[in-house]
């Protein structure tokens, strides 16, 4: 396997996860900034786990030495590299946003003009629990964003049953690694620590991704209000979602609905009614945990999901998708428990 | 002045704020746990600022040596102490929940039977910006909860103009000092750090307090959905509020509405339309900062407020109220800027 | 295997590590406080990884259902339980301090009178890299303290070669989980966060443990000065050690000395001369990383070691010892990379 | 007064402190990056406290509108600006390193060639407690580094009495704001949080500054070993210092020595023998707190000092120096208590 963009946070997390995978050997790691250096010099934690030297990205070389590539590259860059890799016959799991939106026009609105619109049509959206079958046959999987993973997993059963009325409010809170390995002053420790804030209120780029998936599940146009916040912690996303229901649904029906919907997946865990998850219980694991409670006075169902943005929200789900693409057990290499405390 | 319960977090913050107040001398500090010890032994940061010895609470002694008492005692305990103090002719700012809810029946539902229902009727709810006049004449001020301060200040102008339709959703996030000086394992560093979670979902005791105040402002029964979360930081509350409006309100009208509503107060700051506050900009200051933005697709107004739960959410507002009770400038002793970074 | 005291931080970390161990099945988990509850209710992160019900500790039952017990019990309690378990023929890895000090008189001085002094003589000190052979034959392994692990591993090669003159200064810094799952107010988030302090200066109970081991290695009485500090983070110990050498040792000789000393172990990593470790690179892994640099002006060798106090400093090393006791590969189940970032 | 470099962390802290100073009005604030913007747009916490517009640095303009300038500029830049300001007749407190080292050759070794060596000779080192008299007469005060302030204040009484033998070891730990407002990836939240490390081991630029001051006090050449560490917190420095004494000094003599040495200063607080400070008790205040304990086994005196690197370690001490330069009470504007918790 190849990991392109191996020194970003998603890249290094892929390497951590893959180092525990019994069927995989990483053969190529690329990095624009650190090409030529041993990986373990940049990330000493990988010494003895992945002792490769970082290379410049060369599509032909990657293709000659690996059957599947994880592309953990910046948006726009990814598009072209992925197209070339697919052309060379590689399977690709792309962790950028470039192949997540089916409609190139929507991509253009939120990002920039798309340069590989035909390939876009072949890409499968890699939210594993929703698209298992297509993923297992895909050549190109567009791994979901971290926020969309938590939001869609928490809402899918409701939309599948067409229980939702009106606009769903998604008040999401993320740890700082969600922004990637960054030198932005706003992400420096002295700015983030002991601080809490909303950002990209109503205009975050994960909005169309969430709407696309929920609309597909609901088989009608869904619109949401998405407000992300930055939490002074490294990993974890908690999404608090407020849903108006078309009819009153009993606690037991709710629990049954969710458990049935996710019955065949190892990673989505439904908590007992009225119990809610916290991010620490999933830190470092590939789990997504769901809590539910109906508030009769406000006539709102509260759905809260927790996941690790770098695992189920990125690298873990990418490996989960790879497992499906190869016909391996879905949880292979992903069974590690969260790091608690 | 006396500070009762001086070694809790609200107590020690009162002492920090009062040490900078040019017209006040603290003469009595009480503590059940540390009576007999110098205050500066328990809180070395107060050495040289408030060199008193902690005493056991003795109402007669307090009354003989101070004209106003800040009661920073636990709920239920406060009730009886405050009643005795008022009887002795003292003015009291009570920082517990005991005199915040006008209706003893509501108090009973959320806490326990009230033991001083008559006094309850005389207490003035101390949200300074809303009740200035009554506070200036009050003998007993019930200082608001930290969450209600942020929520009501953010919503009051809308309810005063009767612009709100349906249930307001208040998704609030608080630093850990909001829980007070506590030995609960759930509040230990190893549990809270690198963790984010919701708690008391839909059942938090600040709910009736918020509803009481908004209903009074709206002159009709208001019901809200309040979901608090715990942020791994020490101080600060950010409240993200989602409001459905009866009619479309332009950006300029909104800005004008809020600025007019708070024009005569030094501590509520309205940000330019579309700009939102963060908790760090108010840490240690008595400010409450408000940001606004209307989301046309979701037809929701988003109101976000930030304050320091120990200052504007507790000790600072208590001193602000004391200033009014004595006819002093409202901002006296409260002009310190936030500690940034 | 049995884990006694399964809901303390060391216990839960043992379960996390053992869940990844291919040769081990945990059959008994005990907890005084939570007996009768499913483990996953207390630690949701273990749901699906270890679905046992917590039991009260009953030595006979433990003996009937497991061949080896990890005792993660408080000091003093452990002593008696371990004695009973050994009597029943079980192998035991004890993670308390009760069997670490060979001399019952020293134990009495630093803790309290020892109740099983005969068993003390049979216990093997479980610093794996130093006592491999004895551990592999031991019935009772006394797993080292977290600080002693970092200190002794960093200094052992120097003392083995008798290079040290005078008193070694060990300035150590630990994350908060080192104090265990605790309800002490001093360990609450609001006290620890944004704070740094020394504690137990010169009187910490790990002092005699470090001196015992270094003296044994040096074959002469070694005395140290040990000053621990509390870092506002969850996991990790960094020990900065200042050593006066009897003679000047070249960089190459130093590097060679350390690499040779640890050549047959998978977990002690020697960094290139002048490069120092940080705690993040070992968080969640069983590694102990060592950095070295000689300061000619001060005539001091600086040795810095980093480890995760809950892994190499507790649960990981316990499993490493178990591997030796069973003749399994030393790194079995312990190959996971650190959680970075 | 003018604050040059007003949007760095030292600059904004100067503005926070000066906003509380009863005799000072800030008239000029400069910023290269944000010139033209209102200060409160960059630092909303200063809204209402300092409502100036940021300007480009123009020496003539600064000179025409202020009598004293605080220069919070980068090293090297500061040198030239300060020279020009002094030439224009302004008093200057320079918070860079440019005028701290008396010997231009030493400056060259640790930084770069000095461009104003003559002015260097006129600069007074602004460690207030040590150089009160010269500071009160100075035109140019070189405000000390944050580490040197804590180290020298903790060691000065010992060197003044010539009690020290051999090399003093200074194991210092600093919060992240010590590195200034920075976009370095190593200082991003995701890198620093949950991490602890040493840096610049033995080669930190504050070394010659500490040695210069201690040598002057000791009236002989002093050499130290200085090892700084980075703590995952925003503010605070704790310096743990290990000192070999020429003769045994009793606890009472020690206490007396320190209390006498600092008897006429409001900000250095000596704790009871054996009690040590923590950084939280000085966060936001201008205090430097000192703890002492002699370890007979190791024959070392342990001295620990705590201060806030941005206050006593930078902006607070600068204002303290300004007070002396103007003949005002030394503590004017600096009496605020630390922000606890």
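Read from first to last, the chains carry the letters A, B, C and D; within each, the first residue is number 1.
To be clear about the criterion, a contact is a pair of C-beta atoms (placed from the backbone, for glycine too) under 8 Å apart; a residue touches a chain by one contact, two chains touch by 3 or more.
Given the structure is predicted, the values throughout are model-derived calculations rather than measurements.
Per the C-alpha superposition, chain A sits rotated 180 degrees relative to chain D, a value rounded to a multiple of 5. By number of C-beta pairs in contact, C-D leads over the other of A-C and C-D.
Among the other chains, C has the CA centre that is most remote from the centre of chain B.
For the pair chain A and chain D, the distance between C-alpha centroids works out to 45 Å. Chain C and chain D have Cα centroids separated by 39 Å.
For the pair chain A and chain C, the distance between C-alpha centroids works out to 36 Å. Annotation for chain B: residues 9, 177, 181, 190-191, 193-194, 232-235, 277, 280, 283, 341 touch two or more other chains. Interface residues of chain D facing chain B in the complex, by the touch rule stated above, are 9, 12, 15-16, 19-20, 43-50, 177, 181, 193-194, 234-235, 266, 269, 271, 277, 280-285, 289, 335-341. Put simply, chain C touches chain D in their complex at residues 167, 169, 171, 173, 175, 190-191, 193-199, 201-202, 223-225, 227, 229, 231-236, 238, 240, 242, 274, 276-280, 283, 293, 295, 297-300, 302, 304, 306, 341. Taken together, the chain A residues at the contact with chain D in this complex read 9, 176-177, 179, 181-185, 187-194, 232-234.
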